[in-house]
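Both complexes shown next keep subunit A, but they swap its partner, so subunit B is in the first and subunit C is in the second.
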Partner chain A sequence: MAKSHKPIIWGLFAGGGMVSAFVTPVMILITGLAVPFHLISREAMSYDRVHAFASNPIGKLLLFVVIFLPAWHAAHRLRITAHDFGLRQDIPIAVVLYVTAAVGTIMTISALLKM
Partner chain B sequence: MSNDRTITLEVMRYRPETDAAPSFQSYVVPYVEEWVVLDALNYVKDNLDTTVSYRWSCHMAVCGSCGMMIDGEPKLSCKAFLRDYGSKIRVEPLSHFPIERDLVVVIDDFIEKFTRIRPYIIAQSEKPVSEGEYLQTPAQLHKYKQFTLCINCLLCYAACPQYAHNPEFVGPAALSMAHRYNLDSRDSGRDLRQEVSASHEGVWECSFVGACSDVCPKHVDPAAAIQQTKIASTMDYYKALLPGGK
Partner chain C sequence: MMGRKPYIREVSKTTWWLKHPRYMNYMLREVTSLFIGLYTAVAIDGVWRLQQGREAWEHFIAWTFSTEAVFMHIVFLVFAVIHTTTWFNVTPKAMPMHVGDEPLPDAAIIGAHYAGWVVVSVLALLIAGK
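The block that comes next holds the complex of A and B.
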């Protein structure tokens, strides 16, 4: 029986799942609730500070991970969900979703490199 | 049997030598608080119609032979109490398997897959008896024990939409049994089993619906075994890409 190449996508999917489950909610809490409700000073999210964070190599890496992994997670999750809902055009669906994730990944890299 | 309450059992019948297609036949049986669906079927067989065919043996959820669809859900009929159902109970053979006769299904496909994953310990080298037992710590036992509890009842296959969609899928019970031996400290047959588990028809055909674990009467959690195998297979895959990887 042929060894499957699914691990390439599934590795990104599983990694993205971890990030989406553990990191994304905290980020929503900070950026979507804590700062707007003044639980954390608005200064924390000022343009200058965020720009400085995104300019730092470690900051870039962190931002890259929290953006690109969940993108691949979402792509693969949607592919499976489509399948579970009975949409059987698996290959075209997979291509559209993975290309979207790949474009998102490239856009993220280029935006971060420009900082 | 103190009261006169009865229930109707709608049994799917299929006798290949006379029936063109399966059909339902209804039997009225006494309602007994302590009865399970298997008791009701046995009542039919003993008192109303000796021709009804179904499998059973232990009547205590250990042999795994009495699985059937009860009101559309895969269940062990010896564990499904009449009191948990209405006055009409529909029993059908397990979904996703060909019907051999009435409630009896053909399970050759599963047996073939189960054999393919080599469900036995493959030791690196056979120790002579004089060298004593293969020792195992409680922690080593704990790692795989849950996956030994499978009774091959096939409820998980009847619940799995993926198996319905692609009958080539190796499926929950066989994959979780492969995982059980892979996790056993006495075993070194994982590479052989991975040829099946890490293939397209192996764990990668699973889309993690999780229905197998919902219906499993022994709480084996085959879905967990499959996801753990996916993680391990992914590690293998990336390791193989590293220099010196195989």
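The block that comes next holds the complex of A and C.
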């Protein structure tokens, strides 16, 4: 059988879709809405506390998984969605989306490794 | 050679999904990826600022108090929840499960995902808020 890169992309799409389904809503709450709406205190999201979380190996791994998988899920699904909206330049669209996801992944890894 | 002109239905490549509620539901489900992607970019920005230092992180948190950031995050949240519910609702088709020879009922598979979602969300909020 001919080798294909499809299973990798598909695995990232499915795994990312599942991780996103479970954690993205609560992540949006925590990082974007809980502090302004006083659901959690501003101190809970203080530099010292969040930095300590990102410095811990388990915290690092958790942050990596909940960021990189949804990024690849979104990139792959947006590629298909672009087609559904009548954009038929699949290759340039795929390149832009996957490169964006790759840059985001590399930024996340390098930021997490510095903490 | 074709004996007669074949019938080709005219379908718009850009607006076909407006023709039927089922197509609109499909598109609503698929466009959630745009908002998951945009929020993920915000999250990456947050991690990047955290790595830059205290001042950069404080700027990021201060920004979340702005009207546009609150509006953006509410939109992200709405689409993220649509993603979650539509994703969970197809799990019996995407990964059918069996107990022995008996297929697990759809409601059990979907219900387990929703229960897990509630547990994960509540735990995450409790840990984040101390």
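In this section, the second predicted complex is superposed on the first by the 110 of 115 C-alpha atoms of A that agree within 3 Å, B and C clash if a C-alpha of one lies under 4 Å from a C-alpha of the other, contacts with A are read in each partner's own complex, and residues count from 1 in each chain.
Here is the rule we use: contacts are C-beta pairs under 8 Å (C-beta built on N, C-alpha and C of every residue); 3 or more make two chains touch, one makes a residue touch a chain.
Only a predicted model underlies this, so the values are computations on that prediction, with no experimental measurement involved.
Ranking subunit B and subunit C by residues of subunit A touched puts C first.
After overlaying the two complexes on the shared chain, residue contacts for A:104 are found with subunit C alone; subunit B is out of touch. When the shared chain is aligned, subunit C comes close enough to touch A:32, but subunit B does not. By the touch criterion stated above, A:80 is placed in contact with subunit B and with subunit C alike. By the document's definition of touching, of the two partners only subunit C reaches A:41; subunit B does not. Shared-chain residue A:4: touches subunit B; no touch with subunit C. Subunit A residues in contact with subunit B (one complex) as well as with subunit C (other complex) are 14, 80, 84. By the touch criterion stated above, subunit C contacts subunit A in their complex at residues 12-14, 17, 27, 30-31, 33-34, 36-37, 39-44, 46-48, 50-51, 53-54, 57-58, 61, 64-65, 69-70, 72-74, 76-77, 80-81, 83-84, 87-88, 94, 113, 116-117, 120-121, 124-125, 128-130.
Of all the residues in subunit B, the ones that touch subunit A in their complex are 161, 195-196, 198-202, 204, 207-209, 230-231, 233-234, 236-238. Residues of subunit A that touch subunit C in their complex: 14, 17-18, 20-36, 39-42, 44-45, 47, 50-51, 54, 63, 66-67, 70-71, 73-75, 77-78, 80-81, 84-86, 88, 104, 107-108, 110-112, 114-115.
Of all residues in subunit A, only 1-8, 10-11, 14, 80, 83-84 touch subunit B in the complex they form.
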